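Take a look at the following structure, please.
By letter and in written order, the chains are A, B, C and D; residue numbering begins at 1 in each of them.
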Amino acid sequence: MKKLINGAGSLVSDALRGMAAAHPSLRVDLENAVVFRAEGPRPGKVGLVSGGGSGHEPLHAGFVGHGMLDAACPGEVFTSPVPDQLVEATKGVDGGAGVLHIVKNYTGDVLNFEMAAELSGDEGVEVATVLVNDDVAVRDSLYTAGRRGTGATLFVEKIAGALAETGAPLAEVARVAREVNERSRSFGVALTPCTVPAAGKPTFELGETEIELGIGIHGEPGRARAAMGEAREIARIAVDAIADDLPPSGETLVMLNGMGGTPLIELYVVFAEVEAYLREKGATVVRSLVGNYVTSLDMQGFMVTTCALTGELTRLWDAPVETPALRWGR
Amino acid sequence: MKKLINGAGSLVSDALRGMAAAHPSLRVDLENAVVFRAEGPRPGKVGLVSGGGSGHEPLHAGFVGHGMLDAACPGEVFTSPVPDQLVEATKGVDGGAGVLHIVKNYTGDVLNFEMAAELSGDEGVEVATVLVNDDVAVRDSLYTAGRRGTGATLFVEKIAGALAETGAPLAEVARVAREVNERSRSFGVALTPCTVPAAGKPTFELGETEIELGIGIHGEPGRARAAMGEAREIARIAVDAIADDLPPSGETLVMLNGMGGTPLIELYVVFAEVEAYLREKGATVVRSLVGNYVTSLDMQGFMVTTCALTGELTRLWDAPVETPALRWGR
Amino acid sequence: MNTEFFAAWIEEITSAVRAGRDHLTELDAAIGDADHGTNLDRGFTAVGEALAAAPPGTPGALLVLTGTTLIRKVGGASGPLYGTAFREMGKAFGEATEISPAELSAGVDAALAGVRRLGSAAEGDKTMVDALAPAAAALSRAVRDGLKPEEALEAAATAAAEGARATVPLQARKGRASYLGPRSVGHEDPGAASTALVFGALRAAASR
Amino acid sequence: MNTEFFAAWIEEITSAVRAGRDHLTELDAAIGDADHGTNLDRGFTAVGEALAAAPPGTPGALLVLTGTTLIRKVGGASGPLYGTAFREMGKAFGEATEISPAELSAGVDAALAGVRRLGSAAEGDKTMVDALAPAAAALSRAVRDGLKPEEALEAAATAAAEGARATVPLQARKGRASYLGPRSVGHEDPGAASTALVFGALRAAASR
């Protein structure tokens, strides 16, 4: 394992120093490991706090800024943040209109955010929570911890962030956030595992002609292994998995997300296939993102995330956003 | 080798289909393999054409748009584009004020652009050329093909593109492009080789504790091999190599560029070290980019590119840009 | 069992976790996200610092501080779960300075109840509950049968270890491993394995 | 040597490049960017299509079309360089329908001059010139010495192959390999190796 780090123990704080140096629009609280907007909370605006394990960059700290998050809490690699950190963030972004917690559905994230919401409530901050659970690879949610939160997190953060910017009340922001989640689905494929720095070796082994289908974003193995094929076939497997759960139709937002180690040129190849196949199935891709947005360290592979748009969601998606990793309109 | 492709032969055109589907702001001429701005040339504006081998995405097609390039010509992977393609692009972007060719200094790129410039001239388009050669890893340029063009290409494209947008004449745009190149330096480090799809295996072998110093952007081995160390040490090696050639001072633009396969969290760790060390050496990083901008397929590693700013260059850097991979101010 | 005893327990856990860190992380790599060993190691290192900074005067206070520190420093699923377990056990001990085997057994029951409440996992879901529940049961049986303290702790440690091993053939229904569906079968649950270490450490503390 | 002869030459080059593609790409991987074999294979495949689409009537026209197609389809350094070589050779043949050994030799000299002009590489810079220049010299010597055509082509092929092999100990001063400095020593130049294939194909065409 070769990693550009000064040590696995200091990875998150070293990276936060880099973010602080690179982005004057952010205020990085190194002590609490919270990334805030430099300008602080705006009175009357709902604050948005997201967080989760590190290793998914640019998620979440790369999405702090106008039109998106107010604060992000990075945990250790693939480990949810701790309650103290989340409380610090929640208090720090409260402009009096309450705070929305955006939580990916993993036991660890859920438990730590729950504790933080309770503690923040004790300190007088109104907190609403949206649970993101878009990953169709997890079936039988009765017998599992439920669907994982993956790519749709970005959609929720962007769209709820845009609505919050208009001064909408907490209940409204939470409503739209849940709606985005309900209209979104994801499915991921890995060509290689990733290597967690503190573990020092790949999270699983994969042969030269094998791929993992239905992966999450934590280097975990997927639900099944399949033979490597052409981009076209693999793209269709992912779209079919999504379509089985929510038949694509109408104006659709698509993210073709790289898992961190896949060259952009390959992501465009896959996107061409995904777009064509969705069209064949009757949906129209009217908005898209292609690139590394919700990653698993150095994993090679991709994830398709779709969101069935409404007029309101499209308008909010198009609204200006100014963050390190997503920016338009300003 | 596992790649998300439909075949090495169709890689570039498949990816171009993906770009066309993802970016309505682009017009992709699939037959000639040229990526244009959708809106076409603006009368009186100097056109900017860049190009080079594929495998460096988002360079160059990801930088086509307002405030940057007018067209990009992707060649086969790591192979310069051909003259026909470049002529097509040059004619297609000419708004009557002439066209600037931005050429990275590699024998292949130089020869093909030269031929294209001659052919375009025959067809009545005035062409000026800027040769980018910022890579300090190549010394003794008398005994080599000269310094390679690497990271500074992005700076040249952005800053010359901003000036062209103001309606400045070709000579002026070429002048500022050359100035950016002269004020820029790069040095790259690889932790792993990359795999060219048509070749099917890694371009070189590197042990578990070895790194390559002074790499280019074509998966070629560097000038020397060294032992893997902490991010801090490696960052300092890169900055020292640049400083040996052009002592850092004053307001500086820095790109901490990932080679394609390195997680963003590691790039931020390295950036923190680069910024601190440049500060120690007397320069002030006032503008920066951290991410995958000029890549070598799936290579893990990074490149530091610096540019000693002037008031004019900073203003042009800050000017609005609206391309798939670089966007602000619009 | 006095405050020193419980301090020794925490020390024993800390060294067992340190020694077992890579093993726990490997178990987690197979069916989770490869951080369980690192998580607990980070957590108990912090617990050591917290206890040294402000040594608590009672077993209850010591365990509450242990739990609080775990919640504050670990993150992930195991942080709140282990944290709650130690906190509930500490709260069950109240202000007492000497803990009887029966009180210890009641404390472990409280820990189990806390974990169950928070994570809503049942036995057989392939989680730490599969080691914690049999340990609690064995301890309470031993107390009821009037076994010597060392024998009681031995029984609890054995039950926890057996419970952990018994997670191998199970299909996970809680936590990350559940995402794997049938592919989670054939691997030991990392949280159950660490719970076995925790009860092994209790036995070790008693035979110090 | 008539138009068919030169068509046969191009066919022989095409199959030699196809067969040697991976080897050439490996040579390029060692000191370049791992595309030389792919580049030439793509180029000569396109040449085959172009010649089939509009079969030229003279050796000169055939070689000019070959060169133009290489320039249009290959890219990289070798596209313009090989393209220019074939174009210059074709231009040197003019309208002639039958080419004598002396005219062939003059054509190869013209090709060499074209490559030199474009790439400004000298002998010893570790480029295709290191195979092309000795081949040109051997051919001109053979013609001057009145050797039979097959012997002359044999001499050129041998000289090209030896020239290519002789690039191994050299340090590159042109092209991508020059960036490696002393590390370019110990590897055969891919362009010199492909030039040896080109002259081997010329000999093969003669003995068809």
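Here is the rule we use: a residue touches a chain if its C-beta (ideal position, glycine included) is under 8 Å from a C-beta of that chain, and two chains touch if they have at least 3 such contacts.
These numbers come from a predicted model, not from an experiment.
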Chains touching both chain A and chain C: none
Chain at maximum distance from chain D, centres defined as averaged CA atoms: C
Centre distance in Å when chain A and chain D are each reduced to the mean of their C-alpha atoms: 54
Where chain B and chain D are represented by their mean Cα positions, the distance between them in whole Å: 32
Separation of chain C from chain D, taking each centre as the mean of its C-alpha atoms, in whole Å: 74
Chain B and chain C, separation of their C-alpha mean positions in angstrom: 54
Multi-chain contact residues (two or more partners), chain D: none
Two or more partner chains touched - positions in chain B: none
Category of the chain touch graph - line, ring, star, complete, other: line
Listing of all chain pairs that touch each other, if any do: A-B, A-C, B-D
Partner chain A, residues of chain C touching it in the complex: 25-26, 29-35, 38-39, 42, 71-81, 118-119, 171-176, 178-181, 183
Touching residues (chain side chain B, partner chain D) in the complex: 8, 53, 75-84, 106-108, 111-112, 115, 137-140, 143-145, 148, 196, 198-199, 201, 203-204, 216, 218-221, 223-224
Interface residues, chain A side, partner chain B - complex: 1-7, 11-12, 14-22, 54-55, 57-58, 62, 191-192, 208-209, 211, 228, 230-232, 234, 256, 260-273, 275-276, 285, 288, 290, 292, 295, 297-298, 300, 302, 322, 327-330
